[in-house]
Amino acid sequence: MDFLYTYIVLAEIYVLLGLSTNLLVGIVGIFSVSQAAVFGVGAYVVAHLMMAADPLSFIPSLVIAAACCVALNILVTLPSLRVSGDYFVVTSFGIQLLATAVFINWTAGTGGANGLPGIPPPDVFGLSIETTQQYVMLCTAASALGCLAFWLIMRAPFGRLLRAIREDETAVAAAGKNVLRAKVSAAALAGAFAGTAGGLYATFLSFIDPFSFDLDASILLLTMIVVGGARTLAGSIVGPFLLLALPQVLTLVDIPTTIAAAARQLIYGLLLIAFMLFRPQGLAGERL
Amino acid sequence: MLALQLLVTGLVTGCALGVVAISFSLVYATAKIFHVAHAGIYTLGGYLAWSLMVWRVPLPLAFLLPIAACTALGALMQSQLYARLARRRATHLVVLIASLGTLSVIQNIIAAVYTPNILQFPLDWSSRMVAFGPVRLNWTQLLTIVVSVAAYAGTMWFAHRTILGKRIRAVASNPMLADITRLQPQTVYIYVIAIASALVCLPGILVPLDLGLQPYNGVTPLLTATIAMIAGGVGSITGAFVLSLVIAVLQNLSLLVMPGEWSIGVTFFIFVIFMLFRPTGLFAAAR
Amino acid sequence: MPRVCIGLAALAAGLVITCASAGAETIRFGGILPLTGPGALIGTAEMRGVQFAVDQANAKGGIHGNQIEVQFEDNQAKPDQSILSFNKLTDLQHVAVIFTGYSGPTLAMAPLATRKKVLLVNAGAQADGLAKASPYLINTLPTIGGEIEVISRWVAGQGKKNAGILFENGAAGMAGRDDYLKSFAEAGGTVVAQEATQFGQTDFRPALLKIADAKPDVMLVVITAGLLQMAQEYKQLDLKFTVAGTTFFADPSTIADPSSTGFVHTQLRIDAPPDLAAQFKAKYDTDMEFFAKQYYNAAQIVLATLDKVLAEGKPVTGETMHNALFEIRRFQGLIPLEFKTNTASVPMDINEMRDGKDVLLKEIKLE
C-alpha cells in the first residue's frame, strides 16, 4: 500500500503546485518556467528552519516558507510587467537556471549538490506525522484546502478581474481597475501555494537536493497543467495525478531493458506532441 | 598567460554559440516560434556525422550529408507540426510544449540507438595543437572559428542581398501584411527553418568533434544562445553573434575572479538584470 | 468530472495489472539506477553487470532451481523518483534486495531500507556518508575517503607538495574534495587551488587553466564522467603537473589514449577473467569496465547469499538475506572481499597509466 500512498502524496503535492502554476500561467497569463525554483525555495526554507539549532515546528516553518515564496514570486514575475510575453519566456528560463545554480553551489545555505538529508517529520498540532498513511491524510487536507481556496477565489470578484485581464488588459485598465495590483496579488498567491507544497515535499522525502527543482521540474509542471487542463480546478488535479502515473503505467509495457528508459521518455514526448496537436485544452481545461 | 588563453578559448566557444544563436534567431524572428527542438537538430547533426565517419564515408560527405538530413528534418517539423498548430491558432505555450515533446523524442531516439555514453569522433587531426605564442588551440577549434565566421557572413549576405532573404525579412516584420501580399509566409517559414537547421548542424558537428558527443547536451547551449539573441536584440543577426561572443568570453574570464561553478549563474543573473532595464536588447531592430 | 474519472480509472487498472503480475514462480530482485539522463552512462553499465550475472546463473538452472529476475527502475539519479521506485518494488513486487548506485539517491533510500528491512546493495557510490547510512545498506566497495588517503600519501611521498583539486560538483565529488583537503594536508602538502566542474561537462579547459595558474606540482582529481576529454585537453594545453586520482580513473578509453600517460591512481582490485570479459563484450558490444564488473561482483554476492538462505529453507526476505550475508562475511566473486562492517574491505593498488596500459606500481592492503 505504501506505493499507492506515496503516489497519492506526491500527486497531491503537485496538485498544489499545479494550482500555483495554473494561477500564474493559465489565469493571469504570465508564462513562468521558474515555478520549480519557488517550490525549491519553499522546501529549503522549511528544511532549514526545522533543522536549525533552535528548530521551529512544522506549521510556523510552513508559514514563513510561504511568506518567502510570496515575496520571491512577486520578485520573479516583476520582469513580466516590464517585458512582453515572448521575452519573458527567456527571462523566466534564466531565473530558473540561476536558481538551480544557486541551489547547487551555495553549499552553506542549501547543502549544495549533496542536498539536505535528515529532515525531521512534521508535527501538526502536537501530532507527529510519521507513517505514509498519516502523510496521505495531511496532504489530502492540505490539497483540499488549496483547491477550496482556489475555487473560492475564482468565484470572487478578484477571480473575475483576473479573467478579464486575460481577455483584454487594456479594457480593464481603461475601466479604472488596478491591473498591476491584481497581477502582483495573483503572483503572491501562487507563491503561497508553491511554498506550502515545498514544505510538504521536504518533510515527506526527508531528503532534498537541487536536482528536484531544476528546469525539468518546471517543464513537468507546465506539462501537467497543459495536459490536465489549463485555467480550471479540475485540470490542476487531473494533470498531476495523470502525469505522475504515466511513467509507472509505461513500465508495464514490455521493452528490452537497455533501451527501456529512453523508450519511455520517447513515448512521453510523443504523448505531449499528440496532446498539443489534437487536444490542446487538455483533458479537463479551457483553451489556453 | 591565463587571461589570454581564457579569452581565446572563450572566442572559440562564442563562435559556435553564435551560429546557434543566429539560426535560432532566424526562426524566432520570422515565425515567432520558440523552437526548442532546435537543440535536438543540433545534437542529431553531430551523431549523424559520427556514424558516417565511423563507416569511413569520405570527410566532405560526412559533413554535408548530416546538413542535408537536418535541413529535411527541420522542414518536416515546420510543415507537419508547427504549421498544423498555427492553423488551429495554438498559443505560444502550446507550441512550446509541442516543441519540447519533439526535442524529447529526438534526444531519446539518439540515446536508444547510440547509448548514453560519451562518443569520440574517429579523426586523428582534430586534436592536434597549434601554438600562437602563449596561446594553444587545436585544429577543431580553429576550424570552428573559420566556419562560424563564414556562416555569419553568409547569413548576413543572404538576408540583405538575396531575394529570398529579403522576402524572409519582410515576412518577419509584418506577417499579416505578408499574408495579404502573396509573400506566402507559410512557405517562407519552411525555408527559414530549413536554413536554420542547416546552419545549426555546423556547430552541431564541430563542438562534439572537440568535446565528445552526448545525447542530452543540446539544451544548455540553446538557452545560452537564446539569451544572446535577446540581449543582442531580436531580429539582429549581428546582435546575436556578437553577444554570443561576449557571453562566452565573459563566462571564461569570470574564472579569474570567481570559482568556476558560479560562472553560468552569473551569466543568467546579468541577463535577468538586463531584462529589467533594457528589455529590447542592445542592437534592437538594427538589422 | 467525467474526464477525471476516466483518468483515475485507467490508473487503477494499471495498478491492478501490476499487482497481478507479481505472483510468479521466479525470485525477484530490484535495481534502481539512472537509465536516462546524464547518469545513464554509468547506470546502464551497472545494470548490465547485474543482468549478466543473473543471466549466467539462470542459464545454469538458477539457484536451487529458482530462476532469478531483476526488475530495473529508472530513477534518473533523482531522490524522489528513487523513493517512488523503492516503494513500488517493495510493495508490489515484494523484493528482498535492491541494487542501487549514486550517492544522492542511495542516501535518500537508506532510511526506507532500514524501516522496511530491505537489503540495499551499493557497488558504485562512494560518498563517505554511505558507511553509516543504514544497517541494511551494504557497500561492496570502500568509500572514497579510504582511496583518497592512500593516493594523497603516495603523491606527497613522491615530493609533490602543492596540489590543485579538480572535482565534480556532486555528492561524490564534493565528498572527495573535502577528503583531499584533509588527507593531503595530513600528508604534509598544501592545496593551492580548487575548481569545480559540472557532471556531464566535457570542456575542462577553463578549470585546467585556472588550476595551472596556481602552479601546483600535482592535480588531485575526482570526477566520474568526461575523464577522456579531460586527459586530452590536459595534453593539448601542454600542462606539466602530475595528475592523480582514484578508481574513477579506470576508464578503458582513457587508459588506451596516449594523453593519459603519467596519470597515477588508486585502483580497487577487481578483475574479470578474459573469457568472461569476452562474453560480456559479445553480448553488449562494449567492454566490461569498472562499474559493470563491480555490479557483476555484487550480484554474485547476492546470489551466493540467496543460495545459503534457500539451502537453509528460509523464506527470501530482506531480513534473512541481510543476516545470511553477515554470516557468510567472506565472499569470492570476481575478487575476494570481506564484510567486517557494512562496507567491504578490498585490496587496492596504485597504478600508473603508460602508453595505453595501466601499470601496477604498488600493492596496498586496506584495514
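Each chain carries a letter (A, B and C) given by its place in the written order, and its residues are counted from 1.
By our rule, contacts are C-beta pairs under 8 Å (C-beta built on N, C-alpha and C of every residue); 3 or more make two chains touch, one makes a residue touch a chain.
Since the structure is predicted, the reported quantities are computational estimates derived from the model, not experimental observations.
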| item | value |
| --- | --- |
| Intersection of the contact lists for chain A and chain C | B |
| A-B or B-C - the one linked by more C-beta pairs in contact | A-B |
| Centroid distance [mean C-alpha coordinates] between chain B and chain A, Å | 31 |
| Centre distance in Å when chain B and chain C are each reduced to the mean of their C-alpha atoms | 36 |
| Sites on chain C at which at least two other chains make contact | 36, 40, 44, 169, 196 |
| Contacts with two or more other chains, residues of chain A listed in rising order | 104-105, 258, 262, 265 |
| Interface hub residues of chain B, defined as touching at least two other chains | 108, 111, 115-116, 259, 261 |
| Chain B to chain C touching residues, read off their complex | 2, 5-6, 9, 13, 108, 111, 115-118, 120, 127, 129, 136, 138, 211-212, 214, 216-217, 252, 255-256, 259-261, 263 |
| Residue ranges of chain A in contact with chain C within the complex | 1-4, 6-7, 10, 104-105, 107, 112-115, 117, 201, 205-209, 211-212, 229, 234, 237-238, 241-242, 245, 248-249, 251-252, 257-258, 260-262, 264-265, 283-284 |
| List of chain A residues in touch with chain B within their complex | 25, 31, 78-79, 82-91, 93-95, 97-98, 101-102, 104-105, 215, 219, 222-223, 226, 258-259, 262-263, 265-266, 268-273, 275-277, 280, 287-288 |
| Residues on chain B engaged by chain A in the complex (per definition of touch) | 32, 34, 81, 84-85, 88, 90-98, 100-105, 107-109, 111-112, 115-116, 219, 223, 226-227, 230, 234, 259, 261-262, 264-265, 268-269, 271-272, 275-276, 279 |
| Chain B partner contacts - residues on chain C that touch it in the complex | 36-38, 40-41, 44, 169, 194-198, 200, 202-203, 205-207, 209-210, 212-213, 225-226, 228-229, 232, 236-238, 253, 286 |
